[in-house]
Structures are given as structure tokens and as C-alpha cells.
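The letters A, B, C and D name the chains in turn, as written, and every chain counts its residues from 1.
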Amino acid sequence: MLDYITSYLGMNTTPGQAGNIFWAVVYILIVFGGVSVAVMAMNWLERKALAHFQIRLGPMRVGPHGLLQPIADAIKLMTKEDIIPEQADKFVFWIAPLIILCASFTVYIVIPFGPTHAITDMNIGILFMLGVSSLSVLGVVMAGWSSNSHYPLLGSLRSSAQMISYEIAMGLAVLSAVLMTSLNKSGTGTLSMIGIVEAQQQQHIWFAFKFFPLGFVALVIFAIAMVAETNRAPFDLPEAESELTAGFHTEYSGLRWSLFMLGEYAAMIAVSSIAVTLWLGGWMRPFPSTLTGETWDLVFSLIPGFLFLALALIAFIGVVRMPKHPYFRIQTMGLAGFAAVLGLIGLILFVPPVRERIQDIFWFIAKVAAFMYLYIWYRATFPRYRFDQLMRVGWKVLLPISIGVLIVTAILGVAF
Amino acid sequence: MTDPKAYLSHLELGEKDETFLDSNELIINMGPQHPATHGVLRVVLKLDGEKVLGAECVIGYLHRGVEKIAENRTYTMFNPYVDRMDYVAAVSNGLGYCEAVEKLLNIEAPARAKYIRVILTELNRLTSHQLWLGTHALDIGAMTPLFYTFRDREEILKIFEKYCGARLTTHAFRIGGCQYETYDGFERDVKKFIDEVPPKIDEYEELLTTNRIWVERTQGVGKISAADCKALGVTGPVLRASGVKWDLRKAQPYAAYSDFDFEIPTGVNGDTYDRYLVRMEEMRQSLRIIRQAVERIPEGPIMAKVPKVIKPPVGEIYHSIEAPKGELGYFIVSDGSTQPYRVRVRPPSFVNLQALDLMVRGQLVADVIAVIGTLDIVLGEVDR
Amino acid sequence: MAWDSTTVARFKKQYGSGLRESSTYLGQNYMVVDSTIANEVLQILHDEEAFDYCVDLTAVHYPQREKQFDLLWILYSFERNERLRIKTMIADGESFPSSTSIWATTDWLEREVFDMFGIKFDGHPDLKRILLPEDWQGHPLRKDYGIIQQDEQWVKINLGIESGQ
Amino acid sequence: MQPVATTFFFYFLSGLTLISAVLVITRKNAVHSALALILGLIAQANLYLMLYAPFVAGVQIILYAGGIMVLFLFVIMLVNLERTQKEGQFNKQWLVGFLAAGALGVLFVAVYLKGKDLFPAFAAAPVESNNTQLVGDMLYGQYMFAFEIASLLLLVAIIGAVVMAKKRI
């Protein structure tokens, strides 16, 4: 038994491929738990960053700088009354958020956080991701229809049209990246997520910069399409607050509503991961081929630790600047504890074995986080597109460009 | 000019709901509880998919019978009530009413009072436009301008609060002049404000004016021609954005407006984008007026000789001013007693709202939101 | 104070005694015309005298008079930068031709007058209450309608309370 | 990838496919039928996975479950469901249907019995890792002509749909 459990550890592959169920389950728990925590953190960050964009403070009351706000929100949502409209189709109404949640979480099975840090590596990895994430449209359509109300219906009509349209441009952009994998002279191309990153490693270039500006254009197309796919500003028409109140989830409340939110944020992280994997070198550290040598390896592997120490320092400065009033004592202590935890994590990250294992994951997450920040930035800056404009951008701008990119990539690939 | 009959839409509201899935036409009820109807406006939309075939406004949810109240109050007692109509531009309402009664009494406010009135009214125009910009942008999906405009609106409200103790329903003016002399440092505060605010207006514009999504969402949306504006009685920035250079402050100057030098911004296309530009420019022009007024404010009394009991002679008067939303008129009939026999308010929002149907025909649902926003209505004034 | 101008002269010539009065009060011009010719006068003012903007339409109730209502149009001409009030008197229950075909803006204004005073306008495309609920009884801006009076029945049925006061 | 509990999954997925297929024709609510169909399609995709055909499985999910069925739902949502709920579920020709189904069943059994020898008892599992590449090679090699004809056919269908949908071009 113990042998079975440890049999994976020596292997140079993912638990799914090793067929080791124990480690696969552990990985699944870690990844899903991590994603849930990331969603909560994202929730806090979005509110905080958006607030600072808008010269406000954002959540400040629950915990130091509102750090515990997501937890308070979660508790509130869970204890809220769960309303199902009388005229709703109960079964469909009930199952719709679950479909969205399942679709957006299942995607994480193939996301490679590192060469071996993935639940499994599928031969059709990218195809699997696109396929499963396209299932979330079903959840949206079902939610809108089953609510038996005008606004949700309009919202779901909009979102299904929108998601299907942008999936095409997105798929073509992905294809051009997949084509690039097969252009290494060494072998054939691959659809596997790990394989794609490895191809970038072998070719010594992130696909975003390959055949410049082709790869970059494909990345931009994908980055636009993924915002539309996840129904976020400026493409948040399905839930356009000022037009359709809340779109397809107008009639949802409490826990069910929070499942939608969980699904939405999980999907945002998932599509950002695809973008990072396909174009930004996945788990690779920046400049893997220009800044080579042991010194640089060491420098880059120390960055995670220093980053956490810096965060701890910021938190500590926050502790010092807390008002010295008995009322704030608990908050101050909490923030100090938080700073201590951050510092401890930073110190642990300096330990060589941990450092080696963790830095892939760190770089991957850092790149995803950049995309998440973009999401927030868009939301603070852009007004909302109108539906016909959205369709025009999707079909008349993104689609032709992505077809062009695909064709030129193929030609260049044959030529070189 | 086209046939005015073409503007009149009357949807059959009695259609059965169950058929809507079957047919292409669907009737949707926007409001009275809707985040983008700026209060309790209910718009019944007839849609073909997302295209609007017609819109009918159902109003009156906020009706308080202001005109009836006026008949049962004395002239002075009615003064605070007018603030409750267009509550985001309460000072303008008060100015219109006080000037109308003064005209009826055939008295004139002293010069200093007139200047104070101009300063406060123009500041109020800024708050109104800022509120409009924030909510309009929010309706179109841009969240951030709302917070920027509210930050700067706050400064004006602070001046109001220092001047008369109230922020929103100020009751700033009295019949015959002003109740309060300016507080110490009033001029300094106002000057500081007008020095600080132009870069902030640039900041709003930076976020929106050249933003491609904003331009696409507003250009060509809710177009209305000058002829249609006149036929529908639409006034204010909406009329000016259609290319009519008409502003009551210039056309029939009241208060001290004839003393100041300012431009009337006009648009060309009469679409939502032009109305946006016109209002942005109006903010700058207001600042210009305020600057001149603060620099030239004369010394002297602030209250004319007004009898203790206001009993205007028998007669009728119509007086209108350029409120932030358009022509705000008061028609007052006096029977010689202490109470007005009849007060009729000509609310700009009410008349402008009538153009909604014409402006949204053939547009999309999302444009209805933009058009309601660009009309800049206040339901307190629509329903009175 | 009497008021004279080319416009007035023209109407005087055309209608004679139909034009009851033309005066200026506090610098504001108004004409009182017979209710039978009022609509024609409005039409001419719009078509030929360039009063292209109907600022307001309202009514005043004088219960003691035989013709109880003053109907008032406040007009404005962009071209001439001039305001003009047209006033006519009609009796209770009498209807008046709608001017929506002259100025589209009078659509809602007429509805409001109907709502508040109960004056009917013939030819109005959709004359119904605008501010008050559709099945409300009474017209509140008439002088015989007390300030705390309300449609008790409507309040009871629709709001479920005994009285709104 | 080592197969795990193959037999169980095979029967489980087959059962799921059959049950959802029955639900598709017995549900009165068209939306429920469509949802059952989606379930069936996903179960089928998993059967493909068990056959070491991950590419076909992925395409099945993207195209059928994620694309075509969403359009189905789209259309169904816009029609009046209340009328269909009142109408009779099966029409009177059940006898014909029964006979046709019986004949088809007999045909299947006959093919199975007669042609048993044609299939090898145990097919060597293809290497999973290059399944997708093999599909690509075949489509663009051996079956190039058929593939291009199919795409041409689809193009014709698209143009036809556009012509029919748009009154004025």
C-alpha cells in the first residue's frame, strides 16, 4: 500500500499518467481547494483594486483591510434564504449552477502548473479544455430559461450567442499556437498542455513572440475572446446590470448565486491559464534562454521568497500604521499574524528543495495573476459594448484576423 | 418638419403575455424597479428581438401634487417645496420660483443677491451635470467616472452646506433676494474649487471622450433633429446638441446673466455623444461664469424691500429659467391673496421625456438605457 | 395694458370680436380668444407666425365663472425670441380640439390637463391619465377638490390601507 | 494510461446512454429532452475515450454537447412549450414504429451473428499518444477527397441557410 502511495514520487510524470489514484486524488484536492481559495482572494483583490481605481477604500471593516471580507460574504451567502421562483422549472433551475461549476472546475484537470504539477496530462489537453469550458454555456442557457422570467431569458440568449461566437475566434487562435508546436524540427505537434509548454522550451521562445507579431496577435485575439467567454466587462452583456438587472442569474439567490460567481471566477482563472500555457511559456521563468547559467537560475528561484518577504514587509508596515486604539487591537494582531505567516512562507521558499519544486508553480501563478489584474483593469476602464457591436467585433474583426493568423502561421511553419 | 402624429406611439398594453415566446414581438417592462431608470420610471418596451419597436413611459409613481400644495400655502411657504422637484438641481428650482414671484410683485433683487444667485445656480448646474455624467456612464457600463464625479460634486455640496446648511434641498434663496450673506471665505472656497476642477473635468473626458467603446455606444444613438426637438418642446442640452444655439441665459437673460461672457456650446448630430460633449463644455462654461461672478461680486444689500406679507396684485406671470435640464418655467396666477391661486410648473424633464419614444425607435434595448441617461431626467420633476 | 402688434392686428382683422383681448402684463403678452376659434389661431400662430415651440399647456379653474376653465398655451418663437400666451375659456364638460397635430409636445401636456382638470381633448391619440392611476376618481387640481381629499376606494383596493392621509 | 474498472465504466456509460436516449423521446418538455440528449452525448464521448479515441471524444463534446445542442436549446427556448405539453406524446403509428424497430433489431443481431468472424477478437490498442496525429494523417492523406467533399457540402449548406434566413441579400 505504502509502495503504491509512494510509487509516484520517483516518477517524472503526472499522477494521472502514472495511474496512481492516491496522488491523483491528493492533487485534485489541492488544485480544487487552491482554486477555491484563489477565487476568494480574487474576489477580495478585485474589490480592493477596483476601489483604488475609483478613489475609494473598498472593504475595510471585516479584518484588517477587509481581508476576511470574502469569508464573511461566503457565510452570508450560505445562510441566506434560497429562493426558487414558483413558476421556475425546478429541476433545471437547480442543476444549472452545478453545470457551470462543474464545467469550470473540470478544466483544471489538465492545467499544468509545472512539468509534473498537473492532475493529468491528456493527449488532447487543449481540446479537452475548450470542450469542457464550452459546456458552461449550457448552464447559462438553462439558468436563463428555467427562471421563467424575461430578463434572465434575454440574458441567456445574449450569452449563448456571445459565447458561441467568441469560441470560434478563440479556437482559431488556439489552433495557431498548436500549429507552432509542430514546427520544431524534432517531431510532430501536440495538443497536450504539457507538450505545448515543452515545445516552447525546446524552441527557446514563448509562442507570444514566435513569428513576431503573429503569435502576439493570436494572444491578443485570445485575450479578447476569453473576456467575452467569461462574460466579464466590457463584454458583460449577459449580466449587464443596467440593462438586464443581473441577466441570467437574476432569479438566483444565496448559495446558488454564489455557485455562479464561483464558476465565473474559476473560469476566468482557467482561461487565463490557457493563455499562459499556450503563449507565455506556462511554468517557465522569464528569459529562460537569454539569461542562462546557474547564477541566473538561482536569482530567479529566489524571487518567490523575496516577493513573500516584501509582502510581509508591506503587511508589517500596515501593522505599524494601524491606529493605536484598543478598538483596533484585534485587527492589528490579525494583520501582524498575517504578516508573520507571509514572512514564514517567504522563508520556507528559500529552502532549496522547496525552492526547486515550487518555482514552476510560482511563475505560472504570477503570469495568471497578471491576466487577472487585466480583468480588473478592464472593468474599471471600459464601458460596456452593445450587443450588435459585440457580434461585429467577434465575427467581423476577430474571426478574419484569426483565420489570417492561422494561415500565415501554417505557411511560415512550412517555409521554416 | 415631419408629421407630428408620427411621434405618438401608443402600444397596446393589453396583449397576452403567454404569446410572447411564440411571436417575435415581445413586450418588456423596464422599471419601475430597474437599476437604470433613474428612479421610478416605468418604460414599456415593445421589442422585436433586441430591437425596439416603440416605447411608452408610465409615470406618476412619484406624484406628490406639488401644484395642489402650492394653492394651499402662502408664497413664502411654498418656496422650499420647489426644491423637492428636481432634487439634484434644487438651487435652480428655487431661483426660478423666487424670480417668478418677484416679477409678479414687480420688485427686483439687489445686485449682490443676483450675483450670489448666479454663483450658486451655476455650481448647482455643475453638480447636476456631474451626477448626470456619473450615472449615465454607469448605465453604459463605465463604473469609474461615477466615483470621480461624486468626489468633485462633494466639494460643491460642501460649499452649499456652508452657505445655507443643506446639501441637497438647499432652499438657498428667498423671495426678494437671499436670506443669508455669504459666509467668511465663501469667495476663497469657490475660487479654490474653480481652480481645481478643470483638470478633473479633463480627467472625466480622458476616460470617456476618446474611449472607443464609449464613442461606439453613444455616437448615432438616440438621434434627434433640431426640428423634432422644437416640435416636441425639448430644451436644454438636448436641444443644443441638435445644433440649436438657444439658451435662456442668453436669449432672455435673467438674474445677472447679461453681465457675463460665456459661450453656448452646440452639437451637430444630436446624438448621445454630442449631448455628452455639450454637457461637458457646459460645465466649463459654468466655471467661466462663476469665475467672472466671484471676481466681480458687488457689495451691497442682499435683500430687496419685500412686504412682510406677500400679496401680489391680481395677475398672471410666466417666468422661466435655463435649468440644467432645460427650460424650467413657473406660471403663477395671483388672486390678490396671500396664497397663489394657481402655480403651474413647466418641468423640463417631463417634456424632454416625451422624446424618448422617438429617440429609441429602431434602436436596441441597450440604447434605451443610454437614451434615458442622456435625457437627464429626474423623476421627482417628471412626476412632481 | 393693451398690446398691439402686427400679429394682433392680423387676428383682429381675421376674427374681429373672436379676439377678446390682447394685452401686456408685466412685460408679457397674451391674447384671449374665443374657444371656437382658438384652435385655428394656434394653427396660424404655428404655421405662419413662427411660434414653433409650445412651451406649456395648462389650465386654471374658476368655479364661480360660467365658463369654468381657462386653457392656456405658452408659446415661444425661436426666430423672434418672443413669448406669447394664448388663453381661452371653456365650460365644464366641454371638450376642446386637441393641438397634438400642431405641436407634438402637447401630447403629454394635454394628458396632464385631462388628468388634473378633467378637460377632454378631441382627437388626442390616447387621452388617458398620466400622473394619477388610471382608475382614480376625481381631478385634483379643480378647486372643489380638497387638498386632503383622495380616492378612498382606490387607496383601499390598491394599497390595502384605510387611508393615505 | 492504465484503464481502471473498464467493465464497470462500460456498462455504466452504456446504461446512461440508453436511459438518456429513452428520456429524449419520452419527456414532454422539449428542454428536458434536449438536456437528456446532452447527457447521452457526453456519455458517448466517454465511451469514445474508453476506445482510446480521445480526439473523437473531444470533438464530440465541443461540437455536439457544446455547440449544436446549445443552438437546439436556443431554438427550443423560443418556441411555445405550453402547447407541446398538451399535445399527445406519441402518434397513432406506433405499430409501424414497432415493426420498424423490430426489423432493425433483427438486422443488428443478424449482422452480429454472421459477421462475427470479420472482426478480430482482440484488436491491438492503438498508441494513445499519437491518436490525434493519426486522425489528422488519415483525414488529410487517405481520405482527403472525401474530407474536402464534406467541407464543400457544409459550405453549400451554410450558403443555403444564409439565403433562406435573409430575405434580402
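Observations on the structure shown:
Here is the rule we go by: a contact is a pair of C-beta atoms (placed from the backbone, for glycine too) under 8 Å apart; a residue touches a chain by one contact, two chains touch by 3 or more.
Model, not experiment: these values are computed from the prediction.
C-beta contact counts were set side by side for A-B and B-C; B-C has more. Of all chains, the one whose Cα centroid sits at the greatest distance from that of chain D is C. Centre-to-centre, using mean CA coordinates, chain A is 45 Å away from chain B. With centres defined as mean CA coordinates, chain C is found 24 Å away from chain B. Averaging C-alpha coordinates per chain places the centre of chain A 64 Å away from that of chain C. Centre-to-centre separation between chain B and chain D, using Cα means, comes to 61 Å.
Contacts with at least two other chains are made by residues 77 of chain D.
On the side of chain B, the complex with chain C involves touching residues 4-5, 7-8, 10, 59-60, 63, 65, 67-69, 71-72, 103-104, 106, 230-234, 244, 246, 251-252, 315-318, 320, 327, 329, 331, 333, 341-342, 344, 346, 350-351, 354, 383-384. Chain C makes touch with chain B in their complex at residues 25-26, 28, 30, 52-56, 58, 60-61, 72, 74, 78, 81, 83, 85, 100-105, 107-109, 116, 125-126, 129-133, 140-141, 143, 145, 147.
Of all residues in chain A, only 16-17, 19, 21, 89, 91-92, 120, 122-124, 127-128, 130-132, 134-135, 137-138, 141-142, 144-146, 153, 156-157, 160-161, 164, 167, 188-189, 191 touch chain D in the complex they form. The part of chain D that touches chain A in the complex is made up of residues 1-2, 4, 29, 31-32, 35, 38, 54-55, 57-59, 61-62, 65-67, 69-71, 73-74, 77, 128-133. Across the interface of their complex, chain B is touched by residues 50, 53-56, 150, 154, 233-234, 236-237, 240-243, 245, 379-389 of chain A.
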